[in-house]
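After this come two complexes, each holding subunit A, first together with subunit B and then together with subunit C.
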Partner chain A sequence: MSKKGKSAKSSKSARKAKAPARRTARSLMAVAASAKSGVKERVASLNEVTLAASDQDANVTRALDILGNDNEPAEVRMAALEALQTASFSVVAFAPVRGEYLATLRKVATDPNAELRESALGVLARNKDGFAQQKLLEGLQDPGKALVPTETALSLLSFDPHADAYNVARRIASAPPSDDARQEALRLLSADATSAPLFEKLLLDKSEKREVRQLSAAALHSIAPKKFQKRARELVFDPSEYPDIQATSLAAITNFSDPEALANDEPLLKRVDSLSEKSPAKVKQVARRFMTKFKR
Partner chain B sequence: MTVDVEIQINDSTNPRARFLTWAPSPCRIRVRNPAGITTPFVSLKISGRSTASGGAVQFRAGATGAFSDSITLTVSASGNTAPFFSAGKFGRPSSSNGDVTIEARSGTTLVGSVPVMVRIRKNANTLSAPERDRFLEALAKLNNQGTGRFSDFRDMHNASALGQAHGAPGFLPWHRAYLLDLERELQAIDPSVALPYWRFDKAAPNIFKPDFMGSSDNLGTVQFNPGHPLTFWKTDTVPGIKRRPIPAFNVNLAPPGVIDEAATLALGTQYKQFRGMEGNPHGRAHTRFDAISFLSDASTAPRDPLFFLLHCNVDRLWAQWQKANSRFDQAVAAAYDENPAFPVGHRLADTLWPWNGVTSRVNPPSAPGGTLAPSPGVGAPGLQPRVRDMLDYRGVVSAASRMGFDYDDVKFV
Partner chain C sequence: MPEVAAVGASAEEQFAALVETLAADPGRRAELCGLLREDHAVYEQRGTAATVRMRGWVLLALARGGLADDALVYVLEELDTGTDAYLLAAAARALRSYPSPDAAFAPFVARALARARYYEEPVSFERYGEYALSQTGTSPLGELFRTLEWLGPRARGVLAEVEELRAQFGGLPRKLRPAADRAIESVRGRDAAPDAEACCTLPGGLGGVLSWERGSRRACGPIEQTAFEDQDGTPVTFGEFFRGRPSVVVFFYTRCDNPLKCSLTITKLGRVQKLLEERGLAGEIQTAAITYDPEFDLPERLRCYGQNRGVRTDACHRLLRVTGGFEALRRHFQLGVNFIGSLVNRHRIEVYLLDEGGRIAASFSRIHWGEEQVAARAAELHAERSVGEEEEAGPPHSPNSPKRRKGVPALLTAFTSLAVAFFPKCPICWAAYLSLFGIAGLQRIPYAPWLQPLLVVVMLINLGSLWLRGRATGRMGGFYLVGAGALTIILSKAVPGWGDASVWGVVLTLAGSLLSALGGGFRLSSASARR
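Moving on, here comes the complex of A and B:
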């Protein structure tokens, strides 16, 4: 064998060694479904498997069986859920098993394992599933029935905000069990037009947490933009206002106000000009962006 | 009065057409004012002048042949145009509009110039601060707190529309058209913007910072720096973005379980094999975010702007694969997975929804957004693209198919 031949052969085998053969979905699912395999090995197989094509329906069914079987270890079921959720992106190919997937998730939504419950409810809530919405609302009305923490339930209900959810969110916002729950209740209400006075009050309350005021700024801007623009202008002029709130207000004015009106608003131009020279860094940055856009 | 020449980029005098990629752009030059020329023809040297960190351009006189830093053309003094081709020099994209100038000289005298931009889609993790901020501002403006044109893009990818875009071979062409439409809308706001990509097989910590795509708090609410343009992002009537990495995904590292670029390109040399990437890395990248995250479900994913960076990388991987395997020609069987049994919208000759405006039993009930946004510099893929129109994006098979985008790491030749 020539030297050239030898090196060609060795580089070929080196390449082979570098790239291990990919295991088929079938062989991966055989490991994942086998109780004889260790938990780590089963999870690794589910993390590697691609359940995308319709000719792999048997593998999808196996993954569904694992997910729905509460005798299986939670880690393995969680990995099965992730594999199925990944497969669900191939919408057309996944369509034949979608109904069964959602039905399995409804079952898992009341599972004793908290992570599985939350993940199942998450998928269902994003798909505006009535069963999941009902369960989440029931849990907020009666903590004894709660399947997930209050803030998580509110967060999941915000995928399809509606009147029933607003009523519960309003109640929680006024008597929250935790800061997180209050924040999520307010976030849910930020789609509710009747909550504008609440957000206006929170925005102007300097004793409120900065996160709540920021959220209130976005919410008020969303449901009552004219009212927010007026308040934002006032906040920019307020020398005792916090820099975060001033920067947020100024960004809203810069990006969403009527450019012609801004260019003729002499007092505002003068104020922002001075902020662009002397103010905390975060305000200065936004003020300079404003001046670049509107200076004459 | 001295001689004056006009340089046309992409065969146009429109300043909005003065954008180049790695693919050759047709250009023209003509004498606008022949003052001082005593001969029927004048010899003009065309070259590029770049700012310190600006893009770089190269030229050739004809449709084929090697590019060089400058060319000399003999141009009629009577005002007739002379053609030439220009392209960005690979590895030297622009960072701002007009950071490279194409100049024409007669002898040593400058007789004409135009500012241009080598506008290229770049890795979001290494974007400069001005590039990042221009992209974010344009995106925020397109969303306009949920009232802007962005709502069409959200509606193109909602639960009723997903069959058009997923789970069949049209997945990649559909998303290429979708991204291009969005990018052109962003460019109508700020022409210097190109979509950046999230290289999800590598660590990309800069993307997940509060000055860019935002950082996630413990509730999964994405937090931005005060004054950030996406502070007022709103979709489906709800302000804000929900995104929380799964516990195993540290955003300072590459997400676990997502196959890397080499493994993606090794899925196979046939499109039928390669389109398996819809599962991993594409689907896996989406599900590296948990149950409360917009990104982890196809029906809610576009509510998070990170979606577009993720899909830009999916498209880049397709571009890499096309380049590696010469798969730009729809007539080559391996370039696509053609089968008459596939659903409408997934066969080469099918027009793509929603740009075709078709609503019917097999299409979603509405077609949001109208036709695909046109470009001032290129004609492809047309207002109502077909699946097959999306393959030859850089005009390898037919120069007229060039769509005016390119990736920083995908060479033309």
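Moving on, here comes the complex of A and C:
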């Protein structure tokens, strides 16, 4: 062997020696499943393991066992849930264990640990799971049965417009236990076409919180754009209006109003022109876009 | 909280009790099956999850008592397009309770199997509304494999698909592989496979396709003024858009989360448009997609939804939302849909063909429809219009009591009738004809007795065709007149001294034939017409 060849081989082996040994999914899961390993080590193994790329059944079953075992430390179970959730994105590879995963999550959804419970319900709700929706609705109707805080339950139910949550959200929006719960209830209702009058009222009510009015503007734009555009013009002319509400209103007018009518709306053109010169940055930006589109 | 109480568990429990009561009484099977209609009042203001629980419970009750023909289409529909694990599993179980396995079920089971992999989850059939918390119970795939095993060699047509599914790496949950193997073994079986034809013919003519003869179509008067807005925000009434040309109409909504229903329906509508274009009928046959969710599906949403699925839009092809009178439209089409608030909780697949008067001429529902089939039927409607027949619409009747097309061409019937009426039946007739054509003198015409049996055969053919046509159109007057005519002719030959009566027989035959051809005569009840 030449000298050059020898040195190349030795440097290669040196690099190999320096690099940490890449652990297989099997060995990582062995550590993760072992009660003898420390919690940190187990969590680290679960964070490192790539379940979808491995021979899924054995490793996924181990991860599912950890997740479903309430004698395991919560941190380890949480790490197992995250690993499984990552694996589930490979829909085809994960299909054979999907059923078992969902069954385990349903069990964890009523776990004494709040963080685990919320995470499990989150995954189930995103899958539009009937069990999770039923539990969340029960909790909203009877706080004694609530598995998660009201605002979290509303947020999770909003993943599915068919979840039958509009009635309960309306009730909570009118008599909220907290500001957060009210905002989540309104966010959920923003997909409900029959709530347009409620959002119109909130948008025009200057005594309402800025966040609520901003949310109402976006909701009204989504479910009743014509109604919103009519109101948006008034808001653009109101000098006392919040900049973000003005910006939202002006953006809606720019993108969705009748271009011909806008081009002939002299007072509006004049007003937006002045906003494009002198107004908060957020409004100025939208106003300039408007002028670029409609200036003659 | 009255709203909360309305959707509370107690109401569903009452429903479950009702299902048990109906299932226990064989005399109320039709009522039990009726609970599967999407527009049934029990589903009003229910959430989707509640609707799933309720329908699933009905399917399981039907499975316990044995599935009959009237409920079969709901089960096949679920297997064809369902994406909910509980309903898929319940439908698979219900199918096994059908009196006998049928090769026509196999493609439905195979399609459901391919899809259920991605919706697999444990389900519980123990108690109403119960969700499974462990893998110990059953699941859609488990039920489907058992159903496949029940089908046995009759599912030979889908064997390759099932074997492929079994062979795929990670294709099935490990615990279900033995069930898959058993099913495959059963399908391979030793019995002979059914003929290829059998795999495609549903029992009892089920196929979700209904047609109405021209004279029996329901007038669109009640919804003539129903107001719509199209994808560009242009207002139009039902009468303005749908009168003048035949139309293909589909129903959908943009928030539908079943990819095999609305999204696919709109994509297929785009394909129908292309097929009509290829036939040169793009400007002659209109297409419309009407949303179930007009409050949410604003013009912008309609336009984007259609564009993203390859639907052409112009003056003849529109996506529509009702702006006034949705209930009237729902009643007129008897739409298979129900709502919670303004949101759809469940709907069936439904496609309608309207004639140039806006009357429903055909419908395709529940089971997947073929674009070619719809385009061809629409072209037939266009041709029918070209023939220029004009009939007043018959009295309204339920689309559940249609007359299926029997394929009895009216022109053929009329021709046969006239041929019989004018057929020479005696030496005098022959003389008259020959004199008319100036061919020969009376003394040279031989009387041909062999014509009499031929005459009887032709008369019977005529009577048969009139009977079929009468059953198809529900108008039997022509048949009865021709029957009376035939009887008179026979008596004129058989009874001495009745020779002159044959003229009346000919007159009656001619009158009956014309009456049938022109669509006159009294109508049968819709029930007997359906039979």
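Going forward, the second predicted complex is superposed on the first by the 274 of 296 C-alpha atoms of A that agree within 3 Å, B and C clash if a C-alpha of one lies under 4 Å from a C-alpha of the other, contacts with A are read in each partner's own complex, and residues count from 1 in each chain.
Criterion: a contact is a pair of C-beta atoms (placed from the backbone, for glycine too) under 8 Å apart; a residue touches a chain by one contact, two chains touch by 3 or more.
Note that the structure is a prediction, hence the values are computed from the model and not measured.
Which of subunit B and subunit C touches more residues of subunit A: that partner is B.
Of the two partner chains, subunit C is the only one that A:103 touches; subunit B does not reach it. In the superposition on chain A, A:72 makes contact with neither subunit B nor subunit C.
When the shared chain is aligned, subunit B comes close enough to touch A:51, but subunit C does not. Once the two complexes are overlaid on the shared chain, A:248 sits against subunit B while remaining clear of subunit C. In the superposed pair of complexes, A:282 makes contact with subunit B only, with no contact to subunit C. In the superposition on chain A, A:273 contacts neither subunit B nor subunit C. Once the two complexes are laid over each other on the shared chain, residue contacts for A:41 go to neither subunit B nor subunit C. Of the two partner chains placed around the shared chain by superposition, subunit C is the only one that A:171 touches, whereas subunit B remains out of contact. In the superposed model, A:134 lies in contact with subunit C only, and not with subunit B.
In the superposition on chain A, the residues of subunit A touched by subunit B in one structure and by subunit C in the other are 91-93, 95, 128, 161, 191, 225, 256. Subunit A contributes residues 56-57, 91-93, 95-100, 102-103, 106-107, 128, 130-131, 133-134, 141, 160-164, 166-168, 170-171, 191-194, 223, 225, 256 to its touches with subunit C in the complex.
Here subunit A touches subunit B in the complex through residues 19, 47-48, 50-53, 82, 85-95, 118-123, 126-128, 151-152, 155-156, 158-159, 161, 180, 183-184, 187-188, 190-191, 214-215, 217-219, 221-222, 225, 243-248, 250-252, 255-256, 282-283, 285-286, 289, going by the rule given at the top.
Residue ranges on subunit B touching subunit A, taken from their complex, read 137, 140-141, 144-146, 159, 162-163, 165-168, 171, 218-221, 225-229, 231-232, 234, 236-240, 242, 246, 256-257, 266, 276, 278-280, 282-284, 286-287, 290-292, 294, 296-300, 343, 346. By the touch criterion stated above, subunit C contacts subunit A in their complex at residues 1, 3-4, 6-8, 46-50, 52-53, 86, 117-118, 120-122, 129, 131-135, 139, 141, 170-174, 255, 257, 293, 295-296, 298, 300, 340-345.
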